[in-house]
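To start, I am sharing the structure in question, which I have written as structure tokens.
Per-chain residue numbering starts at 1, and chain names A, B, C, D and E are given in the order in which the chains are listed.
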């Protein structure tokens, strides 16, 4: 089928039923179904997708092989329980955790926070609010802005209490964008602000999490030296 | 010459033996192409068709594919490495050195394994965030998202257990620091720590446990979950395509008869 | 990314983008190109493996030996062991692949090759196959790349040991001194001699600890001996008082030195008992007589004095005496010379039985050895209690009691870090100074050279050591490795156990009173300045020994260090003689098995012939003072009345058997020659002239 | 569906013969590269799996001083699997590993006239000291070959050395 | 989308280039203020020391001008075989025209040829060769044995600590450095004279036999030492390590 066909609804694979409701067809007895579906363009998985996938994996392999040829994996002295290197660092993906352990008691940073994060990740799809994918401040604006300010202030206070400036900075930046989003409307002239206004709560939480994760991991990896004190990576 | 090879391929795909093994014969018709997917034990996890606009790079960044790629590289480099590795103290360290210095290309394989492991952790994270920002976790895909979270944890565990195996200072202290986090869990933390290390400190027991987890249990669990993950993509209606994205343009972008089938 | 679809294809801007389009514009093209790239990259891995460093060196080696005369042999020997070479010594924990590149180590015919890694290894008493390389040279044996093997970038083990410290490796297994390791031997001596082990514990693999060999004086009665001003000057700079002083410089500030001196003097208790005999109506003693008494008593065998040219002349057993007059109080000095054992029961100084006039002479002579500059600028006010209290604090803080006995302060345990395994200290545990080479030897040497450069708050004092001594000490410390500690007992070469032999009875008391062991060794204990006396009873004749103890004559004219005269009483001399003659007898032979005289003249004459012609003994010994000039061995003019015939006979047969290490060569003498020589030597009873001289 | 596909391919400028051949070339290039890579991987694996160093005891055994072996003695070194025999003619070494299935044989001085080597597994027996027989020769049993003679030599320090990796012709004795 | 596709091709090249090690030579930062035309050795040549250790005396060289007067501020560089080291390796001559450096010889026993170099005003290079001897383990053992057994007669130098017996002997022993005499002896002859004494080679009986006192290895060590220190050098040993 080529060329646009005027129609009201599209029976598609889209999952957002509110946005594109599926047409319901009543089929009477002894009448064969006559459903006109404008299906989306599809191609054969083999070879179209597989070829691309293979090329993607090959490109990845090229990158990794070059890296393996250029840089040797680290290997230090034999494990010696009597000599602790300073600093003793966990694998990089745990350095965000280790950085938090520097501020919070182990139960909080090592168990509570990661546990909550994993729980949050698991429940995200089942969380009603996310399904709507509506801009956070589009509805019930005053109340939500109030809640936002209270929550942000509480979080900042909490971080300040533990002197976690490393986590405070990303939190404040994200909060700043959220404040901007609260002031933006979908009719805004700026595309950026239109975009901000349309972001749902889940987006903001995830962005905050991503930002914190990146900053904490980067700090733990590059900016921490002996005694978990600040160092500059370029001044080894 | 080139032609002969092509013919030979076609002939090969037409033979009874080929057909008995792969069930799909030669030919480039849509049916044959569909059969090529359906009748292959690995490929049948995919649907036979995919929405055209999902082929575009920006749709997925191919992050899931790339993650699978790192996993394949890790398996194919990890198995050879096992041939030269004894999970015992202090032999493990000497073996790692031997891999670096005397085993032919051992250093290369170890490097590739190590960097791929890091890449996999990174790609899994990236994949997760990409999926989230595209909203691809929404019903009916919510359970596949949960499987994805489980796979993230498995990936972290795989990487973490592998970290100890060289038995060097880096490994030992990273695992010591990491395992002490586990013992912070109230009530059962110490039990978990004890069970995980097979003792109170990181020693030969811990090495053996981590080895078994790293080489045996976790990869099998990972493969199982990856299979479910892929299968669920098909069952949940293929790769998620957001309605707000342009489709007509994407639809035109791929020539229908793009790829000649060898 | 190469997966861009054709729809995004824009009109060709330039040839580069056209090429990009051609190669990656379509998945199929991208697949072809990317696969090819991957293939090329994958091919680099085995190629990299094939062009590994060790293979490169093996090729170079083959090129090197190709043109040589014995190329065929060398090549065959090389190809017997192709590929990576490995020496594996499970019991030592050594895996060693150095010979993969160092291919010519065992090839004697490559002695003219000077390029590394193909040099021949110089001769050593160990074989490569049994010891490997890293046992001695350290470095990383399993490595097959130049950098990792030698520099060991992450200090997996230790980097290659610089050649100047390589003797330390011998010390890992060999506890006893070796001929070929003078530096290690001297370093080990210095550890004891400079008292390092007073503060640092160094345990040996057998569990014992290295013991100090210096004898820091007790300070319990220091006020009897010296003045506060001297203590102050000494504390400020011990080497200003005596250049050979082993006491280190603590770099004390003026107030600190003032307070410590105040405390030490205040803390001192007077020595109990009547010690100093009061001199009676003294005349001014004659300085020349004092000097000659100093010389006759052979004080210089143990004590050194700085001469006008600034050279330190004399022995190093006792302290240098150049400025002793500044140090000691005359009454203490007199008491000390009278009987040193009263003040210090363990001193190495013999108890000379000096007469009162002699005491006065020596006291005056030594008391005049002063340096007016030494104490010229030291003016101390009376000590306040605060100063004394602060001094005590400092004395505790600096661990003075580790070396000296001080009233009211206990010797601290583990005052300084234990050095038992210092030679294996991980580089990651070391904080280097800026600009320093990151290597253990450099760290240790720098620590010894200038301990306080690692931090002004550090307590370790500044020792006064020559560069060679620092190297020696570093070598000795580097030998204290994990491997040395953990080596299987069967593989170590133990040192002779330290002897604590103590002669018994009154003679034993006499021998310690005379400090015989300061110079002589008996049964493994004692100094090496004078002959070993273990078999002295078999060696000498009783009358000679008794006379010698009373008045030691000279046996070796070229020696400057000699047995002093102790002014022994007859009964003391007899007591000692009896003990020596009875106890110190060798089980090898019976000393009375050969007669002292009555040898046939022909045999004596034959002995003389043998002495002068066949064996040419006159090269080292003197029998006839007119003709002979040999100054190496003892003079034999009176040997007939000195030694036993059986001793001479057995000595001639096998001298090292009776006194290990003696330089008298073993001549493998036939019995009759030895007998004839014995007869000739027993006939040498000295001329009357020499008797008279004595 | 497939009809739609077909119709799409007829778009102008889509797949000319030239274009098709070019694509086919790239496919072949890709598949060819991957097959070479696969073949290379096989060679690579062979290389990788062949160890370059071995942690095995040296084939050269130091048997100690010759004086420790009296004339006409047969000594079995269980650890290294060799017999060291001091015959009238001199020293020689026999492998103690049965040529049948590799069991460790035993020295039975009480059997035969002069003692024999017997394998406990399948009953092979070998001569050692019988006159007129080459030591190592089979008496009976399933062993296909006689016990091999191993190279013996004297080290610089005068110790007896046996090289288990080198077999020599029988009846070559080492005289000390 | 990057269009720098060529980086993919460049990667192997980069790989190859990283495989080749680069050596950088630090430039001398000293600026000479004077120039001489000759370089003479003041002291420190022909020393004997153990391998790798700093020689007891520093090596001192002097730079002179045409008139033979000392030149101050001339730049002198020391160099030697790879593993010999100098402290300092370069320097300017002092007011007496001299520069002294502490030398540590390399790890191999043998003769080390060190080079001192200065340049004239016309940028012409002037060189001076200095020779030192390093004792290896074997030679060190030989040296120790020499001092214990041999030097008392063979070394004519007398010190208060060790009086030489050399002058007391009717037949004067050869100093071990006398290459002209000792080099003519073969190893077998030398070994024989040490083991069996002078009469073995029809020489003086004053040389006693040491074959029953010293072991074979000790005699070999002694010979290695004698061969190494002989002057002129013994042809079959005393390997010369010149600048590589």
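Here is the rule we go by: a contact is a pair of C-beta atoms (placed from the backbone, for glycine too) under 8 Å apart; a residue touches a chain by one contact, two chains touch by 3 or more.
Given the structure is predicted, the values throughout are model-derived calculations rather than measurements.
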item: Target chain E, source chain C, minimum contact steps; value: 1
item: For chain A and chain E, chains touching each; value: C
item: Most centrally placed chain, judged by C-alpha centres; value: C
item: Identity of the chain that, by mean CA position, is farthest from chain D; value: A
item: Gap in Å, rounded to a whole number, between the CA centres of chain E and chain B; value: 64
item: Centroid spacing, where centroids are CA-atom means, of chain B and chain D in whole angstrom; value: 40
item: Distance between chain centroids, defined by C-alpha means - chain A, chain B (Å); value: 21
item: Rounded Å distance between chain A and chain C, as computed from the means of their C-alpha atoms; value: 69
item: Touching two or more other chains - residue numbers and ranges from chain E; value: 8, 11, 15
item: Contacts with two or more other chains, residues of chain B listed in rising order; value: 30, 49, 55, 62, 97-98, 102, 104-105, 108, 169, 254-256, 258-260
item: Junction residues of chain C - those touching two or more other chains; value: 1, 3-4, 26-28, 31, 34-35, 37-38, 41-42, 44-46, 48-49, 84, 86, 97, 156, 428
item: Residues of chain D touching chain C in the complex; value: 22-23, 25-34, 36-37, 40-41, 43-44, 47, 52-55, 58
item: Chain E residues within the chain C interface of the complex; value: 1, 3, 5, 8-9, 11-12, 15, 19, 50-54, 56, 81-83, 104, 106-109, 136-138, 140-141, 144-145, 148-149, 152-153, 160-161, 163, 165, 168-169, 198, 204-213, 217, 220-221, 224, 237, 239-241, 244
item: Touching residues on chain A, where the partner in the complex is chain B; value: 12-16, 19-20, 40-53, 56-57, 60-61, 64-65, 67-69, 71-81, 83-85, 88-94, 97-98, 101, 105-107, 110-111, 118, 121-122, 124-126, 130-131, 133, 202-203, 206, 210, 213
item: Chain D-facing residues of chain C, complex; value: 26, 28-29, 31-36, 38-39, 42-43, 45-46, 49, 83-84, 86, 88, 97, 129
item: Complex contact set, residues of chain C against chain E; value: 1, 4, 16-17, 19-20, 23-24, 37, 40-41, 44, 48, 51, 111-112, 114-116, 119, 122-125, 162-166, 179-180, 182-183, 313, 467-468, 471, 558, 560, 613-616, 618-620, 629-632, 656, 663, 665-668
